[in-house]
Amino acid sequence: MTALIAFVVMMSLAGLSLLANRAAANGADAAARARLIERINDLLPQTQCGRCTFAGCRPYATALAEGSADINQCPPGGDNTAEALAKLLGRPPKSVDPQFGVMPPVPMIAWIDEPACIGCTKCIQACPVDAIVGAQRHMHTVIAADCTGCELCIPPCPVDCIEMRPATTSATEVLGASRPHVLSG
Amino acid sequence: MSSLLLILLSAVLVSMVAIRGVEGWRPFADTADVYENAMGLVHAHLIAIPLVAISTWILDTLVLAALQLSYLRTPAFVALILAAVSIAELLVRRAGTRAPARPAFTMVLATNSALLGIALLSGQLASSFARLLLLAAGAAGAFAVFLLAAATLYERVRYADVPAPFKEAPIGLISVGLMALGCMGFIGLIPE
Amino acid sequence: MVRGSSARGGLRLEAHKERSTRDPIGMAAAPSTAVLPLDQHAGGAAVPIVAVGDTVAIGQPIAEPAADTSAWLHAPISGRIVAIEPRASVTRACAPALSIVIDNDGREMRHSSARAIEDFLSLEPRELREHIGRGGIVGLGGAAFPTLAKLERGAQASAPTLLINGAECEPYISCDAMLMRERPHDVVHGARILMHALQAQECVIALEDDAPRAADALRAAIAQTENGRIRVQVVPTIYPSGGERQLIASVFGREVPFDGLPPDIGILCHNVGTAAATARWVRDGEPLVSRIVTITGDGVARACNLEVRLGTPISQLIAECGGYTPRVERLLMGGTMMGMALSTDEVAVVKATNCIVAASALDLEPRRREMPCIRCGNCAEVCPAFLLPQQLHVYARATDLDGLERYGLMDCIECGCCDYVCPSQIPLVERFREAKPRLATHLLARDNARAARLRFEERTARLQRLEAEQRQRLEEKRRQARRKDA
Amino acid sequence: MRFPTAAPPHVVVPQTVSKVMRIVIYALLPTIAVHVVFFGPGLLIQSILAIATALATEALALHLRKKSLQQYLTDGTAIVTALLLALCLPPLAPWWLVVSGTAFAILVAKHAFGGVGMNVFNPAMVGYAVLLVSFPAQLLTWLPPDVPELRTEQLSFLQTATTILTGQLPDAFTWDAITSPTPLDALRTNLAMGMTMQEAHASPIFGGFGGRGWEWINLATLIGGIALLALRIIRWQIPVAMLGSLAVCASIMYAIDPGAYAGPVFHLTSGASMLGAFFIATDPVSAATSDRGRLIYASGIGVLTYTIRTWGGYPDGVAFAVLLMNLAVPLIDRYTVPRIYGHAKRP
C-alpha cells in the first residue's frame, strides 16, 4: 500500500515538473527569440532598403538572431548601428562592410523632377514607407520628412525622373529648435 | 543566519555571472542591460523561493510524514524544485519581463532555489510554518536587494576608471568580497 | 550660492554692473562701414533685396525674410552697398558669414516709406503683428528669435499673459537695466502694443531686485498710461533667473513643459529691449537699426552703455570707450557665464549683441587642473533645470547615449551654473555641448526609424488586406461562374 | 586686435578638491585634540603611521597606473582616509595593524576601483572592517579615558611610540592594568551578562550622558561637523538623517524597555556616531548623489548602526552600516533621480 502511494506521489511529482519544464522551455525559447528579434529590429534604421541582402529590416533582424547574418551588413545604420548590434549580441564590434553599399556623407532623400513625372505610380508601389504621394497620371511628390533614402523608388521609374538629393532636416536644426535657452530672451 | 547570508551572497555572485552572460550559456544572448536582466531574475526568485519552501514543507509534513514516506524526501524535493522553478520561469516569461536566456537562467534559478530551500528547511530556522513563510520572504527579498544592488554597482563600476588588470571579473569579485565584508556586520544578529 | 525662493537652483553672482551704469546711455558714432550678417537672427538667413552699388537710406529694407522663421533687415546708415560677401561674423564664432556691407556717405538720409502709427489700437491684431514683423524686430535678449514668429505662436493661445523680461541675470550686462531706467515709456508703450497684438489680458514686467531705479521708472511710466493691466514684478537676483523658463517659474510658479513652449501654458515672454524696439518701430516708424550695447570689463578704459547702429565694428566701440587697458586678456560677447569669447574685435555688432566685455584677469577666474568628479553634488544643487550634472558627466564620458537621454541632457540649458561651482574644475558645459549633437542625431535617427517602421508596417498590413480582398473577389467570381455553369 | 578664445563659463569658483580635503582635515582637529586629551598621544602616532602609509601606497598605485603623482598625491583624499582610519583604531594598536589597514584601504578599496572619485565603498571603512574581522582582539583593546576616577599610570609619548612599534609595553605596565573596553562594548557585555541598564551604568567609564571621554570626543566632532556644514562642504541631509534615524531607533527601544536598551543621547554620543554622521557617511564619492537619495542612504546607516550595535556581534556598527549602504548606493541613485524642469514625472 505504502509503496503504491509512494509510487503515485513520485510519478505525479515527476510528471508535474516535466510538464511545467516543457511549457517553460517552449515559452522561454519562443519568447526569448521573438523578443530578441524585436530588440534587434528596434536598432535598425527601418529604411527597408534591402542593402543587407535581406528583404527588409525585420528579415535581417531574424537572420541576426539566428546567427545567419553578420552585424556589419547595414550601410544606412552605419557604424553606430553595427556597434549597437555588437553590444546587444555580445559579438566583437565591426564596421560596416562596404560590399553592402556605401552611404553618402550627408543623408540623402529622393526628389522627383515633377515636370518629367508621367504619373505611373510605380515609385509609389516601390516605396516601403509610404513617403511618395500622387495619383495615376498625376505627378508624384516625395514627402521629404517621411523619406528614409532607401533608393528603392529609383529603379522602377520608367522616365528616370527621381534623383537623390541631400536632406534638409539635420540634427543641428532639431537641436536648435529644442534649445530655447539664451538668457533674458 | 550567517550561513544563510553566505548562501545568499554566493547566489548573488552566481546570478551576476549568469546576467552578464557567459559564452556558451546564451543562445539568444544579449549582454546589455544588466539591470533589466537582474530584475527578471529577481522576479523569478521572488516566486520560486517561497514556492519551493512552502510546497516542500507542505509535502514533507502533511503528506510524507503522515504516510511514513520520509525516505522519499530528497527525490520529492528535487521534483518540487524543478516544478517550482519551471512555474516561476513560465510566469516571468509570460509577463514579458526581460530575463537572462536559457539555460543560464533556469540553472541559476534552480540552484539558488535548492540551496536557499535547503537552508531554510534544514536546521532549526523553520520551526513553524509562519516562521518559514517569513524566512522565505526575507531570503527572497534579501536576494532581490543584493542582486539589484550588485547589478547597479556593476553598471557604476563599468564606467569607473578601473585599472586594466582589474577590469571586468576581478573588480566584480573584489566588489562581492567587499559586499561580504559589509555583511559580516550581521554576524551575531540572530543566534544560530 | 543660495537657492531662489520660487525657482530652485541658480547662483548668486557678483553683478559687476556698477561701472557701466554710472553714465547715461550714450550715442555711438555711426560707423564708416557697416557689416550686416544676413543670419543675425534665429532661423533662416535673410535674402538680400539690394545689389552692390545701390544707394540706401537709414531704415531702408535691405534683406527680406526667407521662408519659415526669419526676419527683415534694414540699413542702419545711409550710403552705398559696396559688397555682399562673406565677412567674419559673431554669428559664426568669427568665421565668415554672408553679409551686406554698406559704406557710410555721412548724410544720414532717412528712408521715408515707413509710417508711424500713433493709434495702434486701430489696427487689427493680425495686421499689427505683421507690421511688427516688417520692422525687423527680433528678440534682443540674445537669442534674436524673430518676434513675428513668436507672436504668431503666442496668438494661438487664448488671452495669453505677456511677460516682459527685464531680468538681466548675467554679470556685467546692464543694457536692459539702463533702458528701463532711461526709456521706461518705450518699454511700457511696446508692452501695450504687444498686448494688443496678442490680445493679452495682462502683462507682467519682471526685473531683478538689484535694479530698483529701473523698477521705479517703470512704475511711474505705467502710472502715466493708467493701464491697470500692466504690473511690475521684482524677482530675486539669482542667475539664471532671466532665462525664459526660469523666469516663468519664478514669476508664475509654473513650469513650461519640456517638449513645449511658453505659449502652451498661456504665457509669452519678450525682452524689454524687444518691447522698446517694437514701440520705436510702430510709434515712430523707426525699424530695428540700432540697439543698446553694454561695453564694460576691466580691459576697457571707460565702461558705459551706448546706443549702437547695427554693423558697427566692435573695435570702434572700444575706441570710443577710450580703448583697451594693458590688462585686457579676453573679449567676450555676452556676460561671463554664457558669453562667447571672440577671437577678434574686427566683427560687427548684430541684433543679438547685448554686451561686450573686454575682460582682464580681474574679471576672469581661470580654471584649475581638472580632477575626477567626487560626486559632491554642488552642481545638482545649483542646476536650474534640476538635472544631475554629476551623473550626466559620467554618461557623457562614456558616450552612453541611453544614460544621457534618461538623465535629461536635452533639458540642459547650458547656463554654466554646474561648471561654476565644480570643485573638480570639470568643464561640464563644454562636455555637454559636445555630447548634445551626438544625442540629438541619435534621437532623430531613432524617431525617424520608429516612424518609418510604423508606416512600413501599416503599408504591409494594407497590402495584405488588399490582396486578401482581391482573392476573395476572385473566389466570388469563380463561384458565380460555377453556379452559372450549373 | 586678436584674442584667445575659451569655452564659457569664463568664471568658476576658486574651489578645488584639495582645498575641500584640507578643510575636512582642519575640521577633524578638535576631535583629534580631545581624543589625545582623553586617550593619550597614541592617536598622533597612529595618524602619522597611517598618513605615511597612505601616501606611500597612493604613490605606488599612481606610479603603477601611470598617473600624475603631482596632481593626485596632493589632492588630500588619501590623508583624509588615513586620518579617519586612525581615529577608529585603539591608541596602542600595534603598527602593523594601521599600516596594513591603510594599505588595504588605498590599494583595494580606492585604486582597484579607479582611484579618487571612483571608489564604491568608503576606503577608510573598508580598511577598518577588514581589520575588525581579521584581528578583533587587537581592535577591541581600548584604554580607559584619562579622568580622575579611572586614572592609571600614563604612558609618555616615547613609551606610547615604543609600544605601538614593538607591541611590547614598558616594563612597569601590564596590558590588563591599562586597558578597558569602550563604553559601547562594556554596555553590550554587561547587558549580555544579565545586568540591568542601571547596574551597567554604575561603572565609572560611563559619564553624564555617554561614555566618559567619548561624549566629549563626539561633541568635538559635532563642532567640526557643524563647521563643515557652515562652510557648505557637506549638506545637512546625511548627518541629520543618520543621527535622526539612530535617535529614533534608540528612542523607540528605550521607550519599550529602558532597562535593557540605552537611550538616544547615549547612542548619539558614543562610539563613532558623530564621526560617522559628519565625516564618514558624508564622503560624497561613496554616498548617494541626489538629496532624496542621501536621506535614504543616511537613514539606512542610522538604522543599521543601531541594529548592529544593539543585537550584533560587534560593539560599534558604523563601519559595517556604511559599507552596507555604500553597496546600496547605485540602487538608491537609480531610484532617486530628481524630476527634471518641465517634466511631469521623474525619469
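Worth a mention:
Labels A, B, C and D are assigned to the chains in the order they are written; within every chain, residues are numbered from 1.
What we mean here is this: contacts are C-beta pairs under 8 Å (C-beta built on N, C-alpha and C of every residue); 3 or more make two chains touch, one makes a residue touch a chain.
Being a predicted model, the structure only gives us computed values, none of them experimental.
Path length between subunit A and subunit D in the touching-chain graph (shortest route): 2. Using the average of C-alpha coordinates as each chain's centre, B ends up farthest from subunit C. Distance between chain centres (mean CA atoms), subunit B to subunit D: 33 Å. Annotation: 39 Å between the Cα-based centres of subunit A and subunit C. Mean C-alpha position of subunit C lies 51 Å from that of subunit D. Rounded to whole angstrom units, the spacing between the C-alpha centres of subunit B and subunit C is 56. The set of subunit B residues that touch two or more partner chains comprises 161. Looking at subunit D, residues 115, 118, 333 sit in touch with two or more other chains. In subunit C, the positions touching at least two other chains are 245, 338, 372.
Arrangement of the chains shown, judged by which pairs touch: an irregular graph that fits none of the line, ring, star or complete shapes. Of all the residues in subunit C, the ones that touch subunit D in their complex are 1, 13, 93, 171, 245, 249, 255-260, 315, 324, 328-332, 334, 336-345, 359, 363-365, 367-369, 371-377, 380-381, 384-388, 390-391, 406-408, 411, 416, 419-425, 427, 429-430, 433. By the touch criterion stated above, subunit B contacts subunit C in their complex at residues 158-159, 161. If you check the complex, the residues on subunit A that touch subunit B are 2, 5-6, 9-10, 13-14, 16-18, 20-21, 23-25, 27-29, 31-33, 35-36, 39, 65, 87-90.
Those residues of subunit A lying in contact with subunit C across their complex are 41, 44-48, 56-57, 80, 128-131, 146, 148, 169, 171-172, 174-176, 178-185.
Within the complex formed with subunit B, the subunit C residues making contact are 372, 394-395, 397-398, 400.
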